[in-house]
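Below are two complexes that have chain A in common, paired first with chain B and then with chain C.
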Partner chain A sequence: MRLTQGQFSFLPDLTDGEITMQVQYALDQGWAVAVEFTRDPHPRNTYWTMWGNPMFDLRDAKGVMMEIDACRTANPDQYVKVLAFDSSEGFETVRMSYLVNRPADEPGFELVRAEGPGRRVDYTVRSHATARPEARHGA
Partner chain B sequence: MTVMDKPVSIDLDALYRESGIGAMLAEMDRELVGLTPVKTRIREVAALLLVEKARRSLGLKAEPPSLHMCFTGNPGTGKTTVALRMAGILHGLGYIRRDHVVSVTRDDLVGQYIGHTAPKTKEVLKRAMGGVLFIDEAYYLYRPENERDYGQEAIEILLQVMEDNRDDLVVILAGYKDRMDTFFKSNPGMASRIAHHVDFPDYEPDELLEIARLMVERMHYRFAPEAERAMGEYIGRRMAQPRFANARSIRNALDRARLRQANRLFEARERAVDADALLTIAEEDIRASRVFVQ
Partner chain C sequence: MNHIAGKPTIDLKARYAAGVLKYRQMGYWEPDYEPKDTDVLAVFRITPQDGVEPEEAAAAVAGESSTATWTVVWTDRLTNCEKYRAKAYRVDPVPGTPGQWFAYIAYELDLFEEGSIANLTASIIGNVFGFKPLKALRLEDMRIPVAYLKTFQGPATGIVVERERLNNFGRPLLGATMKPKLGLSGRSYGRVVYEALKGGLDFTKDDENINSQPFMHWRDRFLYCMEGVNRAMAETGEIKGTYLNVTAATMEDMYERAEFAKELGSVIVMIDLVIGYTAIQSMAKWARRNDMILHLHRAGHSTYTRQKSHGVSFRVIAKWMRMAGVDHIHAGTVVGKLEGDPNVIRGIYDTCRETHVPQNLQHGIFFDQPWAGLKKVMPVASGGIHAGQMHQLLTYLGEDVVLQFGGGTIGHPDGIQAGATANRVALEVMVKARNEGRDIWNEGPEILRDAARWCQPLRAALDTWKDVTFDYASTDSVDFVPTPTAA
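Showing the complex of A and B:
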C-alpha cells in the first residue's frame, strides 16, 4: 500500500532535483529544515526519530541534501520525511512536511474491529510494521 | 521542420555586462588600495569564469575549474576583506549559488575528543555549502608535534569535500606565508587541490595613508590638513616599530585618535561645539600618540 502522507504524496515521488528546490524554498523563507525517519508511519505517530538536529543556520539546500542522503543510505527500508519549521511569531509550527524515502515494500495498515458489550464495535487502525520483530528496535 | 542550431558566436562583452562583474571589479579597485597582484589574479579568475560561461553556452565541454584558493600575507593586508569580495564576484559569475562567506578557524573545525571532529567539520561544511568557506590561519589545523592531533581528521574531511563538491563550495585558506608553506609541505594533498595561490604584499607608506583617508571617511570623520601630514609621519614611524600589522595598525591608530578627539572636546566642554569640530580629527589627536614620543 502506497503511503500518502504530507505534501506531494499523491504525486510521483519527488526527484532529488525537486527535493532540492523545495528545501531551498523553505530555507529562503527562513524556516529550519529537519530530517526524520521511522518504520511505523501510523497517522497518529507524531514523533518520528530525528536524524540529527534541525538545521537552523543553513542557507543553501546542498547541506540538507547531504543529510537526507545520509539518512536514506542508513535507513533504506524506512520512511524518511523532511520538515520545515517556521519559528516566527504567530506560526511556531511546521509549515512543510513531505516524504523523501519509502521502503520498497510498504507494509500498510489494517483495520481492527473489537466487539464490546451490546455488540458495539470499536475500530482501530494498526500498522503492519509494528507487528514485525525488527520494529521493536528503533523507530 | 527546422532544427534550432546552437549559436555559433557569442558576445563576450554582453556576457560581461550582464554579470555585473565590471561594477564589482571597479568597486574593488576603488575601495581596496594597492594590492596589485591580488587584483590582477582576481581579474584573471573573473576572465576565466566568463570564458567558461561562454563555452558552456556554445555547447563546448567545460569542466568546472577548481577555484580553491590560498591567501598568504602579513597581518592586516586585507585577506579577509578580499575573501568577502571574492564571494560576490564568484556569485556574480554564477560559479557559486550564494554569496555568503562562512569564516572559521581551527576551533570551529576540530573537536576536543575522539569522534568529535568529524561532526563538527561536517556541520561547518554544511553551513558553507553553496558559498565560500574561509579558513583563517589554516596551518593551525595541522600540528606536527602531536601525531594524535584531531586536526588531521578535519583536513581529510576537507580534502574529500574539496574534491567531491567542487561545484558547491569554494575553500579559501589564509595565513602567514612561511607557515602556510610549511603546512602545504606536510599536506601535499591540500597543496595539489589548491589552484590559486595569491600573495598579499605589504602596503607602501603612501598606500597606508590612502587607506587611512578612506577609513576616516567611512567613520564619517575628516582629517584637518595638518592632521593628515601628521598621519603620514605617524605611518613612517609606526612601520619601523615591531608588531606592525599594516591596515589593522592604521585602524587602531585611528580608533585611538577618535578617542583623543572625543576627550579633547570633552575637556573643553564649557565651549559650544559645532558639527565641524565634531567631524574633524586635529593634528594634536595624532601627535599625542606614543610613537611620536619615542
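Showing the complex of A and C:
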C-alpha cells in the first residue's frame, strides 16, 4: 500500500529541491519546522518520535534540510514527516505536514471487524507494522 | 426620557396621551445616539412606502423590532422604557439605488436572553418584516457585542481542532456529496462512499434531503457508510469521514441518530438549516459533549438571502451559525453553479474564519466584529465545481475550506475513485505550486496540464469538464465599490 497522509502524498515523492521550497515557504510564514519519524503510521498515532524539538530559531532552509537528511539517514526504513508549527493567534497548531521518507515496503493496515448484535460492526484499524517485534518499542 | 441628563425635557403627559404618534416622536429615532460597546447593532436596507420618510421608516423598524406597538400605551411609564427602546441612529441612502436606505439601529443588551439565537432573531427579524409602511426590508449585517458573544458556546469543534482530529494540515479538505442524492439503497450508497474516500477524498456527504426514506432507512445508511469509511481508512492510512445527516422530525429522533453515528465511530454528523435555530443549538451542544464535528447544510436559505431588497443577508446567517455552534457551513464557491459574488463570499468566509473581522463595505461588512474567542467555522464550497477550477478555488477561498466535488467526482468517466484521485492530485499540485511561489491564478491551467501528463484521472477530468462555467450575474452583490482616491 501507499500511505497517503500529508499534503503531497498523491504526487510523486518530493525531490530534495522541492522539499527545500516547502521548507522555505514555512520559514517565510514565520512557522517553526519540525521533523518526526515512526514505524507505525496508524492514522491515530499522533505522537511520532521527534527528531529533536521544532527548530524555532533555525531560519535557514539549508540548515533544516541537514536535519531532515540526518533523520532520513538514521531511519531509512521508517516514515519521516516534516511539520510546520504556527504560534499565531487563532491557529497555534500545525500548518503543514508532509512525508519526506517512507519504507521501501509499506506494511499497511488490517481492518478488524468485531461483529455485534443488530448487524452492528465495531471496526479497528490495526497496523501491520506493530505486529513486527522490532516495531513494538520505539514506534 | 426626561430624567436623562443632557436630554431635552418633554411633556410626558402629552407624550403618553392615548392615540397614535409617529415612531420618531415616540423616541425610536435618535440621530445623536452614540452606540455603546455592549449594544447589539443592526443595519437594515429599508424600502419605505411612497410618502414615508426614511427616518420615520427607520424609527418604525427600531420600534417594531423592540418595544413598540402601533399606538401609544401608558404602561410604558411603568418601565425604564428609554433603555428598552431600540434606537435608529443613522440613515444613509443606498449608493446608486433610489428609494432604498441603510438604517442603523442600536439595541440594548438586556433586550436579549443570553445564549439564545431564537430570542435574538425573534426581535430582529420578527414581526417587523411584515410591517406595512415598508415595501421591503433586508437585514444586511449585525455587530454582536463581545458581552453577548460570550454567552454562546460557539462551534463545537472549530477549524483548529477539526484538523488536529483528522490529522490533516496545509491544504483544503476534499469532499463529495453522494449522487444520485435520492433513491440509492443503503448497500449501493455505501459503495459510492467507499470508492470516493479510497480514491482520495477526506469526506463524503449525505445530501440535505437524505433522512430516512422508504428506499434507504437511516440505520441501514449509517451501517453501510461506516463500512465504507473504515475500509478506506485501512487502505490509505488516513482519517476519513462521512457526514451522516441526522436531520429528522423531532429532537428525540435526531439525538437517537446522532448517538448511533457516534457509537459506530463516525467523526462527524450533519444537520440541515431547516431544523431551526433552537434545534441547531441543541445539536451543537450535543456535538461538543460527544467530540463530534457538526456539519450544517444551509437548505432553505436562498428563500430569504438571495434577493437584495428583502430578507436576511447570508453573512448574518453565517454569524448566527457561528454563535449557534456549527463547525461546517456551506458558504459559496464563487465559481460554481450557486449564487456567489466574489466580494460577498469573501465577507462571509471572513465571518466564518477570522478572529476579528474589521469593517469592510466592499465585502458587505458594515461593522467591526471581534469574535471573542469563539472558534472558527470551516466554510464548505459545494455546487458545480470541478478539478479544472482548482487554481481559482484556492485563490478565492484559501486553505481552511472543504471543497466538495459531487458531480465532479462521481461523474468522472473512469469511475468514482478516478474522480476522487483527479481532485486530490489537482489540489495537492496546486497547493505545492502556490507554496513554491508560483502565480497560480495565471499559471493554474498549465500546472494542471503538467500534472495530467502523469495522472490519467486528472487528464480525463480536465477533458470532460474543461470549459464548464456558470457565468451569470449575481443577484446578491455589494453596494460599495472602491473609489480611487489620491490619499
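Odds and ends about this structure:
One rule holds in what follows: the second predicted complex is superposed on the first by the 135 of 139 C-alpha atoms of A that agree within 3 Å, B and C clash if a C-alpha of one lies under 4 Å from a C-alpha of the other, contacts with A are read in each partner's own complex, and residues count from 1 in each chain.
Please note the rule applied: contacts are C-beta pairs under 8 Å (C-beta built on N, C-alpha and C of every residue); 3 or more make two chains touch, one makes a residue touch a chain.
Worth saying up front: this structure is predicted, and the values here are computed from it rather than measured.
In the superposition on chain A, contact is made by A:93 with chain C only, not with chain B.
In the superposition on chain A, A:108 contacts chain C only, with no contact to chain B.
With both structures placed on the common chain, the touch criterion links A:117 to neither chain B nor chain C.
Between chain B and chain C, the partner in contact with more residues of chain A is C.
Looking at the shared chain after the overlay, A:59 reaches chain B, while chain C stays out of its contact range. In the overlay built on the shared chain, the residue A:67 is in contact with chain B alone; chain C does not reach it. For chain B in complex with chain A, the residues that touch the partner chain are 97-98, 100, 122, 125-127, 129-131, 165, 168.
In the complex of the two chains, the chain A residues touching chain B come out as 55, 57-64, 66-67.
Residue ranges of chain C in contact with chain A, taken from their complex: 160, 163-164, 167, 169-171, 200, 223, 226-227, 230-231, 233-239, 263-265, 354-355, 376, 421, 424-425, 428-429, 431-432, 435-437, 451, 454.
Within the complex, the chain A residues that touch chain C are 1, 3-5, 7-12, 18, 21-22, 25, 41-44, 46, 83-84, 89-98, 108-111, 119-123, 125.
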